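What follows is subunit A paired twice: with subunit B in the first complex and subunit C in the second.
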Partner chain A sequence: MSLRIGDREITKILVVDDEKAGRESYGLTVEEVDVETILQEEKTESVDKFFMKLNAQDAVVSDYHLRRTSSYFPMNGAELVSGCYDRHIPSVLLTRYEKPYIHEIRPFRNKIPVMLPPDEFTPDTLRWALTECVNEFNGHVSVNRKTWRTLVRIDQVDEASVLVFVPSWNSSEAIELRKAELPQELLVSLKPDLRIFAKVNIEAENVFELFFTNWEF
Partner chain B sequence: MSESNLSILDVGHGNSSVLYADGETVIVDCGARGSTLLEFLADRKITKIKAIYLSHADQDHIGGLITILASGAFEVREVYLNTDASKETKLWGDLTFLLDEADRRGGIKFEVTIHSELATAICGEIGLVPIGPSKLLVARGVGNRDRNDRKITSNGISASFLISYRGTPAAFLSGDIDEIGLDEIEFTRKDIKARVLVFPHHGGKPDDSDEKVFTNRLMDLVSPQTVIFSIGRNKWENPRSEIVDVVKARGAGTRIACTQLAKRCAANLPATDPFHLHPFYAKGKPRRQCCGGTFVVEFGDRVEEFPRHDAHQDFISTHASTALCR
Partner chain C sequence: MTSKPQEGAHIKFSTQIIKRLGEELNPSVDQSILELVKNAYDADATECTVALSNITEEGGTIVIQDNGDGMDAAAIRDGYLVLGESKKSFDKRTRLKRIPAGSKGLGRLAALRMGNVIELNSVPANDKKKKLSLVIDWVKFDRSRLVEDVTFEIKQEVAKPHEAGTKVAIKNLKHKISERDIKKIARGLILLSDPFDDDPSAFRPKLKSAEFKEMEQLVAKRYFDDAEYHLQASISKTGIAEASILDFKGNVLFKASHKEIAVKRDEGGRYVCPAVSFEFWVFLLTGTSFNTRPTSLGEVKDWLKEFGGVHVYENGLRVNPYGNPGNDWLDLNLARARNPEERPSTNTSIGVVRIKDSQGMLPQKTDRSGFIENDVFHEIKAFCQDALEWMARMRIEVAERKRRARRKEAATQSDHTKEGVRGQIKRLKGPTKAKMEKAFLSYDKAREEEVKALRDEVQLYRTLSTAGITAATFSHESTGNPIKVLEQATQAIERRAKQHMGDKVGSLFKPIDLIKQAIRTLAALSQVTLQLLSNQKRRAAKVEVHKVIDNIITTLEPFFQARGTRVSTSFAPGSPYLNASEAAIESVITNLFNNSIVALENAGPTRTIEVATEVVEDTVIIRINDNGTGIEGITLKDIWLPGQSTSPNGTGLGLAIVRDTVADLGGSARANRNGPLGGAEFIIELPIIGK
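On to the complex of A and B.
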């Protein structure tokens, strides 16, 4: 049993969710692509140990929520998928695109090639998502995830967040960024109409797909 | 033989045309948001741009210049544009911020007047001749009155250009000119006959004027063999059928090409990648939204247009059951 994705032969997919029902539901979908399906049942205390268990023939499917059940996992799904990305392990993040979590996901979004809502998680979308990951590992980044240095205009500054515009993405849609998403050095100079630069995926289809790296100010 | 061509980019709803000859690049309008122009230039390994001209201050023509300047990936030597006091937008502020910054660094020359007497720009053997607006329209400016006492709009003052190759007119890039701009071209007796017409305002309504009368007048003045509508599938409902009907009435010898596949021409997108498109980058390509895609005029001993007419017609027959152009 294996799944051919580009130059990869995937033999095992690990399913991570802090709720048993979620793991089992996602697991049923994974089984349909004809690979060994492992449900991550036990609690994980050490992320390093978790990654040590994985090899190049593995892939990961993770829900965003991994900490509702106490001590199931020491990080959220976005951090987990991002860690997989660093190790070139194809992985998919499942999330309902809930607005409160966008700020927690965005700092890792450049290392999350595909996010899927659970109701769109099917064998076909899983294969597609893994293909997108492998393509990105091989340097073929899709146009809507490719970043360019671009202008960011600060519009409003509040206690905990800022509203910014990225005119090359959408000149009429304000983007709320939590201050925690910005470099510390930038915070002291924040003011309305300040224009700075960052690398942004300016072809992103919506604000959930958008991410910022390499801030310059 | 060296490469000389005019690319009318599929940027979605917006305009951008790239002249390339003998290693030189000149751009007219930069499209709206997104990375289309960057991807196009990067694909062609173009990093130096001799000059960029902006026809007018609308977002769907200037947005891409912000993207180009901010990217830091291109050496832009000259930028030409007209100011528009009616556009007190933050976007205009973004553009002028970047231009000022580049100007102060000494890396760019930017001029704030385009008019019909501005010198022809040369790109290899391709010439870019400013046709409008007249000096009179520029001097009076948006919000004032033209010689027929009509209020001058942003579109009325839009710059337009005639592209020539070895001195022979090849294409008329009309920006977003409306009836006022067209009247001024006639009044100043400019010859705008050309093989290819990039239709103004993406085939949308030309401000307050009668679109059929406007289209007939424009077709008479340009006498094009090919009319291009630079449109986005998901924005507005262009080109307007009233305009396409007038163009069609000119006969089968007049080719009509839209950059993207309008929803009213095809409710659904093709299930497979089309094969008729030119290899140059087009915004609609990744999502199979192209009809003609990026339209390329290759210059040489013969002038050739891509995508080829017959292959494009085959695509339309197969995938656009309600095509306006048929």
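On to the complex of A and C.
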């Protein structure tokens, strides 16, 4: 029982969700792609220990919400998936595209190859998502996730956030970034009409897919 | 020398005296009928029906039938027909232990004089097989000189099995009876035997008429629970008073001893009168105080209008005219005018004074226009007023306590300024000072009222916000979990069915599709709440009007779809924008959409909402039209007021929010009853900073 994705043999998929019914329902989909499905039932106190259990034959499917049920997981799904990314473990983040969470997800977005809303999570999309991950690990980044050095114009600066424009992506849509999403060093010099460079995936289809790295200051 | 003794002389009564006494003593129809009904009460009747026929013209008939103890020939001859002698004897009770309302027979005379012919039938209580009848033809009196010259015959026949009690028919009425009189008769009958006491075995006379039924239903509503305060006061047999004030739940708020009530009396002297109980209910008739109740303000107002006032019951029967419309025997309105704070008026209160007078200390006037105002009456009146005074003192104390607490909360800037102005006024001299003081006082009062209105409004918004927050929590929960689980499980069922069921899988498609559709609707509905509540939308930023409208339409799409409503837009070229919070624009548009959705609820199959924008110089004009029935049953001015709604489930706040928000944005809002699509048209104008 195994699933071949590119050069990988995946034997086991771990399902992470802070709600039992959530885990079980995702499990229904996972069990249909010929691998061992493991529902992450026990609470995780240390992330390192969690990662230590994983190996190259594993993959992870995680919901965004992991902390509503008390102390199920010490981090949210976005952080978990990006941690998997660092360890080259294919993983999928399941979340509805909800505005309130976009700011918490975006800082990790460069390490989240695929985000799926639950209603689009099927055996087929799961296979495709895992393939996308493995491709990225091997240096083949899809066009809408490829970053380019581009100009970012600061439009408005508020207490907790800034509005920016990325003309090479969309010259008329303002993007709201929380200050927490920006590097500390940048915050001091922020002012309206400041133009700075950063790496942005300018082929992103919508604002939810967009992410910023390598700010130059 | 003595003269020859003459024949003995008598005072004789001319038949004219009948006219004097009958017509001039007691002219009102309702009081006359009540006299006859009281006779039924004294006869221990449990039922008494008044029927009117052909009374819209002269010559009609009134029939009063009871099931009480009827009269034998002697009782008719020596009782019913004797005028001016009171049967009232205070140590006597009737068979049913009633204290006879009794009368000197003059009230009865007045009643009987309403017609030209009277027919009396009575089945004697001591011989129910007999029926006695008597006809009084008043015309005979007109033809005779002296009262005693007219004789009547009391006939006797066999009573039919169902016949009982006494029936009086007043025939060939001299005057017609107006609608207003009928209403007064109905009211009089209903109030006669303390309907506020809710005693099912009580004497309940009835009038056969539609007006009566309506009024009977109205009196039965008993809105006492909607009263803000309930005063219960009483004087014991020994003249000692006590009182309490209860809240609407019946909890005692304040209690007073005799000393606290009788503050005005020398050394707290006792009240010299029979035992009295006084109940009094005060209502706060404001929209805000009725917001959260099942009863409407209007209902209670109608009820109070009909039955409000302080009624007096002596030995269980009502005494006219206390508590009649316009009768303010306790001078409530005067007290209120003198000192308006925390005082009820006759329009906002209802009361019952119950007097147990077995000694005959409180005689009524012969013309039935109330008690003879002797010392006992004045004592009772003083007690009621003392109790009301005490209640007013307590209420002022509550109000004062609240005010103090509020003041303590914040010695506000405005208080300081106020003191400053007062200080300046004090320094003025001559007539200007008085004028200024008066002007400032009325300014200050107006300001207080404004502040109160604002506070009420804030409370309303808080309540709604709480509802919103709860809805949001629910939405988070449902999109997060149950919906996700439903989606996954349904998809799994579908895939597995396809895999395992072969040809039979087709039978599952429809139910699965239905579930999927329902899930999509649920998911979309919960998204609506979440999107509305997104906090970043409340910050001011560049907001493109067209984009906001498009977003709202997308968000509300499931609502529109579920209601079979098509929404179309026709936007001006370009993208007009303003510097505002997205939430503000959104609440304007969303509330107008909600309004249209409700307006289209009962509309035909093609339901349309059209949104059009137009840019004129620095203003964007947004028009929202629907093809409902338009604005009906409310004035165009009133639609913007909070709490005004023509829909039974409406909060009446949507348009108030639209108005306030648009005003905050520096724009204007207006409405047309019927726009180009036939339904309401709302036109919002907002200043823009670019297009």
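The rule is short, and it goes like this: the second predicted complex is superposed on the first by the 217 of 217 C-alpha atoms of A that agree within 3 Å, B and C clash if a C-alpha of one lies under 4 Å from a C-alpha of the other, contacts with A are read in each partner's own complex, and residues count from 1 in each chain.
Basically, contacts are C-beta pairs under 8 Å (C-beta built on N, C-alpha and C of every residue); 3 or more make two chains touch, one makes a residue touch a chain.
Keep in mind the model is a prediction, meaning the values are calculated, not measured.
Taken together through their common subunit A, the two structures put subunit B and subunit C side by side without a clash. Across the overlaid pair of complexes, the angle with its corner at the CA centre of subunit A and arms to subunit B and subunit C is 100°, in steps of 10.
Contacts of A:E181 after superposition: neither subunit B nor subunit C is touched.
Touch criterion not met for A:E209: it reaches neither subunit B nor subunit C.
In the superposition on chain A, contact is made by A:P123 with subunit C only, not with subunit B. Greater residue coverage of subunit A by touch, when subunit B is weighed against subunit C, goes to C.
Contacts of A:F197 after superposition on the shared chain: subunit B is touched, whereas subunit C is not. In the superposed model, A:E36 makes contact with neither subunit B nor subunit C.
Note on the superposed arrangement: subunit B and subunit C approach each other to a least C-alpha distance of 13 Å. Subunit B makes touch with subunit A in their complex at residues 33-35, 38-39, 59, 63, 66-67, 70-73, 89-91, 93-94, 97-98, 286. Note for the complex: subunit C touches subunit A at residues 479-485, 487-489, 491-492, 495-496, 519, 523, 530-531, 534-536, 539, 541-542. Of all residues in subunit A, only 142-144, 146, 148-151, 153, 165, 167-171, 193, 195, 197, 202-203 touch subunit B in the complex they form. The touching residues of subunit A, when paired with subunit C in their complex, are 19, 21-22, 24-26, 28-29, 32, 63, 65, 68, 96, 98-100, 118-119, 121-123, 156, 158, 161, 163, 174, 176.
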